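Chain naming follows the written order as A, B, C, D and E, and within any one chain the residues start at number 1.
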Amino acid sequence: MNYSYFPGCSLKGLGRAYEESLLPVMRHLGVTMTELPDWNCCGATAYMSVDERQASILAARNLAIAEKLGGHDLVTPCSACYLVLNKTKHYLRETPSMRADVQEALGRAHLSYHGETKVRHPLDVLVNDVGLDAIREKVVRPLTGLKVAPYYGCQLVRPYSTFDDAWNPTSMDRLMTTLGAEVVHFPLKTKCCGASLTGTVPEAGLRLTYILLREAVRRRADVISTICPLCQFNLDAYHGQIERRWGKVRVATVYFTQLMGLAFGLSPAELGLNRNFIPMAPLANAARPAEAPTS
Amino acid sequence: MTGDNHGELRIGYYICHCGHNIAGVIDCAEVARRMALMPGVIVSRDYKYMCSEPGQELLRQDIRAQGLNRVVVASCSPLLHEHTFRSAIEDAGLNPYHFQMVNIREHASWVHTDGVAATEKAADLSRAAILRVRHHRALETVRVPINPAVLIVGGGIAGIHAALTLANAGKQVFLVEREPSIGGHMAKFDKTFPTLDCAACILTPKMSAVRAHEGITLWTYSEVAKVDGYVGNYTVTVRRRPRYVNEDLCIGCQECISACVYREAKFPDEFNLGLGRRKPVYIPFPQAVPQVVVIDPERCLELKTGRCKKTCVEACADRGAIDFTQTETLETIQVGTIIVATGFKLFDAKRIPQYGYGLYPNVVTSLELERLVTSSGPTGGEIRLRDGSVPKSVGFILCVGSRDVRTNRWCSRTCCMHSMKLAQLMREHTGADVTVFYIDIRAPGKGCEEFYDRSLKEGIQFVRGRVAEVTDWALAPEEEGKLVIRVEDTLAAFVRRIPVDMIVLAVGMEPQVDAQAVRRLFNMSCGTEGWFLEKHPKLAPVSTFTDGVFIAGCCQGPKDIPDSIAQAGAAAAEAMALIDRGYIEQEPNTARVLDDCCGCKSCLPLCPYNAITFDEASRKAVINAALCKGCGTCAGSCPSGSITQNLFDDDEVFSEIEGLLHA
Amino acid sequence: MSILQTGADKPTTAPAPSPPRSGFAQSEVPLPPRESRLRAPPEPAMKIKRTIKYESDRVKGFCEEIMRIPGCDQLQACIQCGTCSGICPLSIYMDYTPRRVIALVRADFKNEVLRSHTVWLCASCYACTVECPRQIRITDIMYGLKQRAIKEGIYPRHFPIPVLAQEFSKMVLRKGRITETLLVMRLFLKANWRAVLGSWRLGFGLIRTGRFVLRSERIERQDELRSMLAADDRGRKPKEKP
Amino acid sequence: MNAAQPSPAVPHTWSPRIVAFFCNWCTYTAADLAGVSRMKYAPSVRVVRLMCSGRLDPQFILDALAHGADGVLIGGCHPGDCHYADGNTKMLRRFRMLRRLLAQLGYDELRVRLEWISAAEGDRVRAVVNEMTEQIRALGPLNLPGRFAEWDLELSRAETEPRTATTSAKEVSHAQT
Amino acid sequence: MPRPKVAFYWCASCGGCEETVVDLAEDILGVVEKVEIAFWPVALDFKKADVERLPDGALAASFINGAIRTGEQEEMARLLRRKSLLVFAYGACAQLGGIPALANQYSREEILSFVYEEAPTVDNPSRTRPAVVSRDNGVDLHLPAFHGQVRPLCQVIDVDYTIPGCPPTPNLTREAVAALLEGRLPPKGTVLAPDTALCESCPRKDSKPSDLSFTRFRRPHQVLADSALCLLAQGIVCMGPATRGGCGAQCIAGNMPCTGCFGPTSRVRDQGAKMLSSLCANLASREVEEIDAVLDGLPDPVGTLYRYGLAGGLLRRRIDTSANT
C-alpha cells in the first residue's frame, strides 16, 4: 500500500513523537508513505482568519503537489491539516470563483489542481485500508488490562470527515480493542480540547483540557489515546497550571500510534514515549518499563 | 380544417385579470387588443374575474348574442377552472369541448416579474389556444357507473371514522388494517389534549361500533396487495396474513393465553413498544378489535418446531378456534372508491445520538411515556425510572427530528401540545419538576393557547432553546448521577446545564416506511417530504390526482385527532358524492383509430390497458373507448398517423405549436 | 503560557472581578463545593448603560456582504434555536453567544459584531456547524467575521488571538512553515513579554523532552509560494472589498 | 452560419424561445405548483399540455424547431410513476433515438432536453427552465424559419421573369459568395 | 380537336423515373395517341427553345422527376411551371428530395472538395473546380450553379399533383395519365397513390405479431431474413408501416425491407419522425443503457429513417454545415 504523506508543521516540532511512532508502525504493517516534496504549512485555523484566498492557496499548493506525485491518497496525521485540506477541497469544488483564484495562483508556479487526491487520516487508513485483522496479526504484546480513553478531538470527525460518525466515532475504540486494551466509555471523545486557546486565553482553553482529563480520571482510564499533535500537547503539557487552578487530574496522554507500537513490541523510546511530560505507566506485561524521560 | 363546425368560425376570447394576480404583471387589455385582430375572433375582452358569476354570465351572453361557436379563456390553470368554464358555455348551448383554456397565472404572471415578457408570453399562449380551438370537435362526455362499495385502508382513528360515516350512510365498506387490531396510534394514548379526556373512553366505542356494523367488512392483519381498474370500478386484492386462529370461532376468552406452555409472558409486546411483555399467543391490548387472539409464528413453539404440547388447543377444545394449518389467503373485492388512511410513523430518536436515546435508559420517547402513564399500560400507570424510583425532575425536549434539515424539515404540529399534556400528567402523577425545552411553542386551535396558559400556571418551566446535548458526566455536585441537559436559554441569553432524572423526547411524525410502495399501489403522488399529495392544498385537500382515491389523516401530513377526524369525514363525503351520483363523467380524451389504419399492429403492445385489439374482420386496429384512459401513447406512435386522440388531435397540437411561435 | 493577566490563575474560592481589559467572566467550573460559591462576589459600583439601538446604528448591507462569503449563504435560514450556543464549548465566555451573533449580523449590527470577543473565542471545533438544524456553517461565518475585523482593524485591543493569527500568517509568508516554539516566543514579545517568565517551567520541560525546536523550519521554493500568495486583482471578487 | 455559436448579430437582450411539452399529471402540475409558490423563472418557456409524455409525437418536437423554437423541453413523471403505467418510458426510448438523429443533423444536444419532474417538484421546474434558458442563450438562436429563408436566397426570386443575362449574372455572384 | 400537350423532364434523378414511363410498354402507344408529347429530352429531340416558344399555359401537364440541385434544374422547373396548366411531381426525388437529398447532410463545399479533390479516384493536382462562368478564348462559358442543398420540387415551384415512388409503378403512372385525360383528377395537392400504409397490402401482414417488441435491430446485410415472416418481427427496420402503399410491396417480395420511397401518408408531416416514434416506443428495454445498446443496432438514423424524405422532412438538412458556401 502506497500513500503520499503530509506531516504538517507540528510533527516536526511539538508533535515529533507522533511522527516517530507513526512511521515505524506504518512500516511494520508494510505501508509506504512518501513525504510530500517541499510541502508547506496548511494554513491551519489561524490563516483562515486572515485571508481565505491565501489560506486556500496554501492548502491547494500541497494538494497540487500531491496530484503531481501521482494518484496516491494523501495521508496527514494532524487533525488541523486534515480538516483544512479537506475543507479546501470542499470549497474549491463548491465555489467556482475561489477555484478560479486558486488555479490562477497555482498557475504562477506551473502547478494546477484537479481535486482528485483524497485526503486521509492515518486512523482511517489503518482501520479501513490495512484492516483490523492485519493489525491483530502483528500484535505480539497485547495491551491487556490497559484502560484507554479514546479521544478523537474535534476536527478529525467534523465536519468534512466521512469515515466515521461525527458524534460517536468508533474507529479508535475498535482499534484499541484489537490491540487488547480495554476501552472506557468516554462521552467527551469528540469534545474540543481548547488547543487554540490554551496559549492565549488560558482559563478558557485550559478548562476544556481540565474537563477532559478530569473525566478520563473519573472513568478510571490509565491513558488517553489521541490522534492529533495539538490535543496531545494540550492534554500533556499543562498539568502544572491545571493543578494550580483546579487540582490534580494526572493521566498520561499518548498517540494511538504509540500504543500500536507498544503492542507490536517496539520499544517505548523508539516510539518517542520519552517525550511525554506525564509518562505513561509501564504496561502490566511489559518486558521493559517505559523509560523515565532522560536528559 | 375547422373540426365539425358548420359555417364560419366565431371565436370569443376572454382574458381574466384575476384581480391583481394576473393584471398586476400582464397587460391584459393589450393582449385582448391583439387577439381581437386574429382571424375568426369576433369578441375579445379582458375582465376582472372570469370565474365569477358575472364573468361566466358574460360568456353566456356573448355566445347567445354574438353566436360564438368557440371560446378561449386565458386565466388560471385548467386543472383549477376548466370545468367551471366548460359548464358555463354548455349552459349557453355550446358543446363544452369547443373551449380552450390558457394558463397565464400559474405559468406566467405568478412566475415572471418582467411585465413586458410576461405579456408577450400571455399573447403567445393565447394565440396558440385560438389557433387550436379552431380544430376542436364537439365531443360527448363519457359516463361510467360507480360501484357503491368503498375500500378504506388503515384502521386508525381516521379510517375508523370514515368507515362508520360511510356505513351509517348505508354504503358497503371494506376496512383493511395491517395490525391485528384497529385503533392505530390513538389507542396507545392515555388522554387527549387540550380537553384531557380519556382516549380509550372516546375511541373504544367507535372501535366496537366498527366490529358491530353489518355494513363494514373488517379485515385486520391484512394488507392491500394489488389495485386494478379506475374510478368507479376498482378491483382490489387483499392479502390476509394467518393469525392461526379462526376469527369466527374465537370469542376472545383468552383461555388459550393462560394455557400456553410459556408460563411467563416473556416476549417484548409491540403495542407497549417493548415496555411490556406478552406470550406467543396474545391479544394486542384489552380493548382490541376484533377480540381475537393472534399467534406469533416467530415465537410459537408449535409453529417453530411442531413439537409443542399444544395446551392452547386443549384449552380451546370446545370451540376449536385455534388452527395451526392456516395460511396466507388472497381476497379480491370490487369497489368504486378508495380512502387511504395509512397514518404515520414516529421518528426514530436513535437518529439523534446527542439525546442519548438507547444509550441512557431514562431517556424515553413521548409515546413510551404515554404507555407508562396509562393505567392499562405495563406499569399500571406508575411513572418509574428504570431503577424503580419516581423521577423528581423531568425534561421534555421538543422538535426531536422535526424542523431540522438533517432529519425532517417540517413541524410535526402536535408535539408542543402533546408534550404539554404529558408534562401536566407528569406533574399530576409524580409532582416532579418539569422543564419543557422548545424552539417555538405552537398552540394553534381551539382551547390550545388556554392549555399552554394552564401549563404555565401549573408551574411547568419553559426554556426557549433547542437542547444541544444530553450527557451523563457531571461538572457540579448536583449533577452527579443525573442526566445533564446542555442548552442555551435563548431568552435569558446564556448557556445552562440542567440535571434531570428523566428525559422525554417529543419525537416528530414522518411518512410510513412503505409510503412510496403504497403511493404506487394506488397511483398517488407524494410531496418531497413523502406525505401523500392532495389534489389541491386548499380546494381539494382530501382528493388525490387519481379520481376516486381519497386521503385522510396523517398519511397526508402531521395533524391532531380532531383534524384527522374532520378529514376522514371530508373524504367519506367526497366518496359519497361520487357514489350517490351513480356515475362519473370522464374526459372524452380517448383515442380513435381512423379508417386509413393499415393494420400494422404496432400500437397493440403499447396500450397499458389492452384497449387496442386487432379486428380480424376489418383487418384494422380498434380501440375500446371504455378501456382507453386517454394517455395518447398510441396516437403518438402510429407510424401512419391513423390514430388520433380526442382533445389532442395532431392538428390541434400542431396549430398550438404554430401559435406559440408565430410572429 | 498565559498572556492575558485575568487573575483567573488565583483560586476560584476568592473570585476577583474581571479586569477592564477583558470582559471575561471567571471560570464557572463549580468545584470546590457549594458553600464557597454561595458567598457573593463584591459588587462593583453600579454603573448604568443605555442599550437602545437606533436605525443609524445599523450598517446596511453588512449581512449581504457576509452572506456573499463562501459557506455563509445559509445565514438567513437561522431560526434562533440556540443549538450552536448550547453545543459551543466556549460560548460560556462569549459576550454574545453565537446565536446572538447571527441575529446581529442578520440585523446589520456590524460594529457590535466586529467588536465582540465572540469570534476570537471560536476554537473552530465545528460542533455548531455539524449540529445546526439549518446546516448553517457557523464556524465559517466566524472566520468571515474575523477577516473583516482584521481588515477594518476593529478587533478588541490588546487581544492576543488576532495578533497570533497575523504573526502566524507572517511566518508562513516568510518561511512557508511554522515553528511553534518560535511563533510563541514572537507572540510573547508582541503581546506580553512578562508572560515569558510565567511559563519558564513549560519551556524548560520542552527542552528536556527535546521538543523545543529553535532551528526554524522552512520550505525550499519559498519565492514560488510568495508569488502565489501575492495579492492579485485578477480573478479577485468585489466581495473582497468591504 | 454555425448553430454552435450565436451569430454576432444576436443582441445581449435576446431571450430564447423554448417550447415545453409537459404531462398533465406530474410536470404540468409541478409548473402549477411553481406558480402557486410564486417561484420566479425565465419567461422563455411556453408550455403545451399533453395527458402523458407518451403522447409526445417526435413530429411535435421537430415541428416546434421548424417553427422557430430555440429549444424543446420535455417533462414527464419519474420512471415508475407514470399515471398511465409507462408512457414516460416510451417517450424515453424515442428520446434516446431522437438525440442521435438530431446529433447527426448537427443539432447541439442541449436544444432538446428530457426531464422527469414530479408533481411536487415545482422548484425543479424553476431550476430546469432557468438552466436550459442560460444554456440555450449561450448557444444562440436556432431560428430555423430564418435559416430556411436564408438558404433559399440562392433560388432565383423571379417566378415569371424570362431567363436573361442578368439571371446568369446572379448565378456568377452566387458562385462568388 | 388537338391532343393535349404534355412534357416530361428530369432533374436531379437517376433516370429510373424515365424508365417507368418507358415501362408502360405498349400502353405508351395508347398514351401517345391521346396526347402530344411536346417535350421529352430523354427520348425525343426537343430543345429548351421549343418550350420557351410555347405560350404560357400551353402545356396541359408536365411530369417532372428528380429533385432540384442546380440552377439549370431550377430554371427548367420554373419554365415548365410557367408553360403548364398542371405540374406533376413524378417520383420520390421530386416529391421528397429522394436519395440525392441524403447529400443534405453535407455542405456544398464538402461535396465539391470531395468529388473534385479528395475522392480516391480523382487525379486533380491543380484542384480545378467547375465555375459558373469561365472564360475560354474570349467566350463566357456558363455552367449551372450548384445549389447549397437538394430540394423537392414543391420547395421551388407550385406543384399540383404528386406521383410517389422510386420509381413510381407503371400502374400509378397509367392511372394518373388516365385520370388526367378523363378529367377526373382529385383535389389539387393530392398524392396519387393509396393513403393507407404499405402493411395493408403486405403479403406478410398476417405474420406481424401483435406483441411487437424489439430486443435488437439487424440490418438486411447482417441476416438472411425469413422470407415468410414480417421483417419487423425479425428486427429488421421495414418502413412499411410509415409508408404509403401502392407499390405492390415489391421489395418485400424480394425479401428486402421497405425503405419508404412512397413517402408518408397524408396524415403525417415527417415520415422519419413517425417511424422513429413507433419503432422506439416498441423497444423492450426500460433503462437508458439498455435502450442505447439496442439503438446502436441502427448506426445511421438519417439513412434509415430518411432514405428519401430528408429534404422534404421538417428539418430539410444538416444544420451546422453552412448551406451556401
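The criterion applied here is as follows: a residue touches a chain if its C-beta (ideal position, glycine included) is under 8 Å from a C-beta of that chain, and two chains touch if they have at least 3 such contacts.
A quick note: this is a predicted structure, and the numbers were derived from the prediction, not measured.
Annotation of chain B and chain E: jointly contacted by D, touch as defined at the top. Here the chain pair with the top count of touching C-beta pairs is A-C.
Greatest centre-to-centre distance from chain E is found for C, with centres as Cα means. Averaged C-alpha coordinates put the centre of chain C at 81 Å from the centre of chain E. Taking each chain's centre as the average of its CA atoms, chain A and chain C sit 23 Å apart. Centre-to-centre spacing of chain B and chain C amounts to 51 Å, using the average Cα coordinate of each chain. Chain centres here are Cα averages; for chain A and chain D they lie 56 Å apart.
Counting partners per residue, chain E has 268-269, 274, 277, 279, 281 as the residues that reach two or more other chains. Multi-chain contact residues of chain D (touching two or more other chains): 54, 57, 59, 63, 86, 90. Shown for chain A are the residues in touch with two or more other chains, namely 167, 211. Looking at which chains touch one another, you get A-B, A-C, B-C, B-D, B-E, D-E. The touching residues of chain B, counted against chain A in their complex, run 353-354, 471-473, 475. Those residues of chain C that touch chain A in the complex are listed here as 1-4, 6, 8-9, 11-12, 24, 26-27, 29, 31, 69-71, 89-90, 93, 121, 123-127, 129-130, 137, 139, 143-144, 146-147, 150, 160-162, 164-166, 168-169, 172, 176-181, 184, 187, 201-202, 205-206, 208-211, 213, 217, 219-221, 224-225, 227-229, 232, 234-237, 240.
Taken together, the chain B residues at the contact with chain C in this complex read 354, 399, 403-406, 439-440, 464-469, 475-477, 486-490, 493-495. The residues of chain D lying in touch with chain B in their complex are 15, 17, 19, 24-26, 28-29, 31-32, 34-36, 38-41, 43, 46-52, 54-57, 59-60, 63-64, 67-69, 80-81, 83-87, 90, 118-121, 126. Listing the residues of chain E that touch chain D in their complex gives 52, 71, 74-75, 78-79, 82, 105, 131-133, 142, 144-145, 147-149, 155-156, 268-270, 272-274, 276-277, 279-281, 283, 285-286, 288, 291-292, 295, 298, 300-302, 305, 313-325.
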